[in-house]
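Each chain gets a letter, A, B, C and D, in the order it is written, and its residues are counted from 1.
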Amino acid sequence: MPIDKSVSTFEEAVSDIPDGASIMIGGFGGAGGMPHRLMLALVAQGARELTIIGNTAGIAAPTGFGWPEGETPIDHAILIENGQVAKVIASFPVSGSVSRQNAFEQAFNRGEIELEVVPQGTLAERIRAGGAGIPAFYTPTAAGTDLAKGQESRVFDGRESVLELGMRADFALIRAHKADRVGNLIYSGTSRSFNMPMATAADVTIAEVDEIVETGDIDPERVNTPGIYVNRVVARATDR
Amino acid sequence: MSMPQDPAPRLERDILAMRVAREFNDGDVVNLGIGIPTLCSDFVPPGVQLLYHSESGVLNCGPLAADGQGNVDLINAGGQFLEPVPGMSFFDSAEAFAMIRGGHIDVTVLGSLQVSATGDMANWFLPSRGVGNVGGAMDLAGGAKKVIAAMEHNDRTGASKIVQECSYPLTSQGCVSLIVTDIAVFNVDENGLELIEVAPGWAPENISAVTDAQFEVAHDIKEFELL
Amino acid sequence: MSMPQDPAPRLERDILAMRVAREFNDGDVVNLGIGIPTLCSDFVPPGVQLLYHSESGVLNCGPLAADGQGNVDLINAGGQFLEPVPGMSFFDSAEAFAMIRGGHIDVTVLGSLQVSATGDMANWFLPSRGVGNVGGAMDLAGGAKKVIAAMEHNDRTGASKIVQECSYPLTSQGCVSLIVTDIAVFNVDENGLELIEVAPGWAPENISAVTDAQFEVAHDIKEFELL
Amino acid sequence: MPIDKSVSTFEEAVSDIPDGASIMIGGFGGAGGMPHRLMLALVAQGARELTIIGNTAGIAAPTGFGWPEGETPIDHAILIENGQVAKVIASFPVSGSVSRQNAFEQAFNRGEIELEVVPQGTLAERIRAGGAGIPAFYTPTAAGTDLAKGQESRVFDGRESVLELGMRADFALIRAHKADRVGNLIYSGTSRSFNMPMATAADVTIAEVDEIVETGDIDPERVNTPGIYVNRVVARATDR
């Protein structure tokens, strides 16, 4: 039987996510590259005490970041508003404006949610390292700042660098354009973002795609995420 | 806070951006932060071709898309929709920051809350808010070959954004090599600030009166050079 | 070196490969080393579909190209030309080894010079030559979830390739969990070797006579299981 | 004037490589992905005391590795035979058979050339790190072996890992399929290999390609090496 990682429904795709799971959520922060349907399914599924790892913690609702005018943004806020999130790891957790608070900031200010802020490049690199079997690396980013407080540092070539650990999660919810049945993925434009590194760094990687095509219908030169990293693919039946 | 009277108008954001754009050399890879820095792309000198990098995962990106023409899969780091241009390439976030951290960005222009006399930058955390977005600021400030701070000289309360030592949490130490404000241009190195240009009608002592940091005055100090 | 008489013929390389192939589960990502391991792909059980990984930078790769049909841009890690198959993907060496090191390879089958009683593998350096190729051996031996050593039980001089401790420089410590030779199959863990299968006509004491390592004998020891 | 990184000749492309330079040479070891023309030009140019970084040190001549039957392999051996190489850093420096020595092994046995052997994955990762501003990282590969002797190690999650440094070079000679004038590159099949990481890790990256096309003629989704990493591109006018 040829390998087939396709799953019929979003509900089925997220059904085994337990309370307390760590979940990477792909995308950069806008509509592109965000696995909305998987997130909606996770709200319906109801797992709680989640640790959410993402570039943002859901900034689109108050700002429209990366969303077409007139559309209602869907992002991490739906999980936070549903009380499912215990902790967030992000580089850009809140909106750019103090006067437009997102659901995360409100929950954070109420003391309901824990936050770890990580520089965007360090977050991406920690996730890549987690997927690539690199337990730790040094980076000059954040050396000498509050974000490096309590972390080991060391000087290489005259430059202070901070020791950072590879990061993995139990699940990665990612968004791609197309998948084949082996799990090979291609993305559109800037929607590669955190989806590509996250695909590599979770025990179970679940990809939401526009379309699942037959194996062989994706040009092997065009594959962005090889199927080795992907456990389940699920297609949007209709447009969102 | 009682402020000295300005001897002349402060420059428009466009003029500030125009001054920054003079720093670009032909072929430079440039990453522009949100706000004033973004404006710099409108004033690139003739004959200078730049490769724009965005940490959203696109190189050689172009102008903003026309209203309503946006594609959610083609955004800049500010979440704005871009127009596709020939010669673009796309990459993921790990690669976008490999480029930044690896020294492949020639110039970045960043806004800032404070810049210190030794080039420390503080632009990610306002203590009064209690939570902040670091985003790619630390990577850019620490990784680009040249970091230009482009900002108003004083904040809305009149406080100097150029300071002897940053009171806000740092983004990166000693990273800024040029500060361009709406009244002055400073070279910065580990020895301190050197005032090299002033806005029309401003003398070094006027700058000093609104600046909470010591600085040297260049022997060949000029008015803002825009050409 | 005086060697005991073999009680029965040693198995062909194909049979050895067939025995290894029984370890593959449907959907496994598999990386096969050069030599005997390569043969395993000919004996994958019915109903088992594998994704073959090669450190040359291709996943889901297929059989060798027909003579003269090769493309220099489609090779395996042994430099042999491959036939293109549907569902392949290509990647660079950093990514190829991110997959290996990151634990994304379910099973690797490697030849070896020596394997120790605690699963140490030594397969990259022959001291007599003074120079050796490590290639991807250390990454594979250390990175794959399951490492199977597939090799002749004794070398050309008759020396046991299964040893109490490796005398050759190590490739990786404690990495091997199954040894399949032309006369025996051993489970390996940190406590040592367990003989679980023997070639037809071989008894544990015959194996012991040609093995320079101590081993336990499984209570349910069998003849080579090929189905 | 639009950006144009094209150079007319291979001679010009390598003309400024000085004696003592460190040079990464791309490819996996066979004909595919090997920058032969640049290497031939470097032989003609004559720079000496070079440090060569590559997956192999030229194994194709005695073995035919990755070369079509009947063709005469061209690889690192031409530089070694011309006495230009002082040191080699490689994972697979010699042929698989002791009886078929390559030019490197002969020179090594005569004591004329220095060797650093690095596991293939660690070599690729050190080069990637060099290009990505990661001064050092930990990897479990080689822990407890002779190749980690004298290196620092440390236990993460119960596993001993070795500290490895990022690696850069003065020049990278790489081989791609097509370039545009901005320096965007695409490769064919398994010829990405060491070319892609090396492109990122040299002060000057020079790409030998089959064809230079106009900017805009390469699909942005298909670009493998963005032009940011590439300094010069030079096309094969005719077949080798």
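Brief remarks follow.
Criterion: a contact is a pair of C-beta atoms (placed from the backbone, for glycine too) under 8 Å apart; a residue touches a chain by one contact, two chains touch by 3 or more.
Note that the structure is predicted; figures quoted are calculated from it, not measured.
Of all chains in the assembly, those touching chain C and also chain D are A. Chain centre most remote from that of chain A: C (centre = mean of CA atoms). Centroids of chain B and chain C (each the mean of its C-alpha atoms) stand 57 Å apart. Note: centroid distance chain A to chain C, computed from Cα atoms, is 37 Å. Averaged C-alpha coordinates put the centre of chain A at 29 Å from the centre of chain B. Residues of chain B in contact with at least two other chains: 90-91, 97-98, 100-101, 143. Among the residues of chain D, those in touch with two or more other chains are 125, 128, 132-134, 139-140, 188-189, 220-221. Under the contact rule stated at the top, the pairs of chains that touch are A-B, A-C, A-D, B-D, C-D. Across the complex, chain D is touched by residues 125, 129, 132-140, 156-157, 159, 161, 165, 186, 188-189, 220-222 of chain A.
Interface of chain C with chain D (complex): residues 34, 54-58, 67-68, 70-75, 78-79, 81, 90-94, 96-98, 100-101, 125-126, 129-139, 142-143, 169-173.
Listing the residues of chain D that touch chain C in their complex gives 28-33, 55, 60, 63-69, 91-94, 96, 98, 105, 108-109, 115, 117-125, 127-128, 139-147, 177, 187-197, 224. By the touch rule above, chain A contacts chain C in their complex via residues 1-3, 128, 130-134, 180-182, 184, 200, 215-216, 218, 220-221, 223, 226-229. The residues of chain C lying in touch with chain A in their complex are 26-27, 29, 47, 49, 51, 53, 58-60, 84, 86-91, 95, 97-104, 143.
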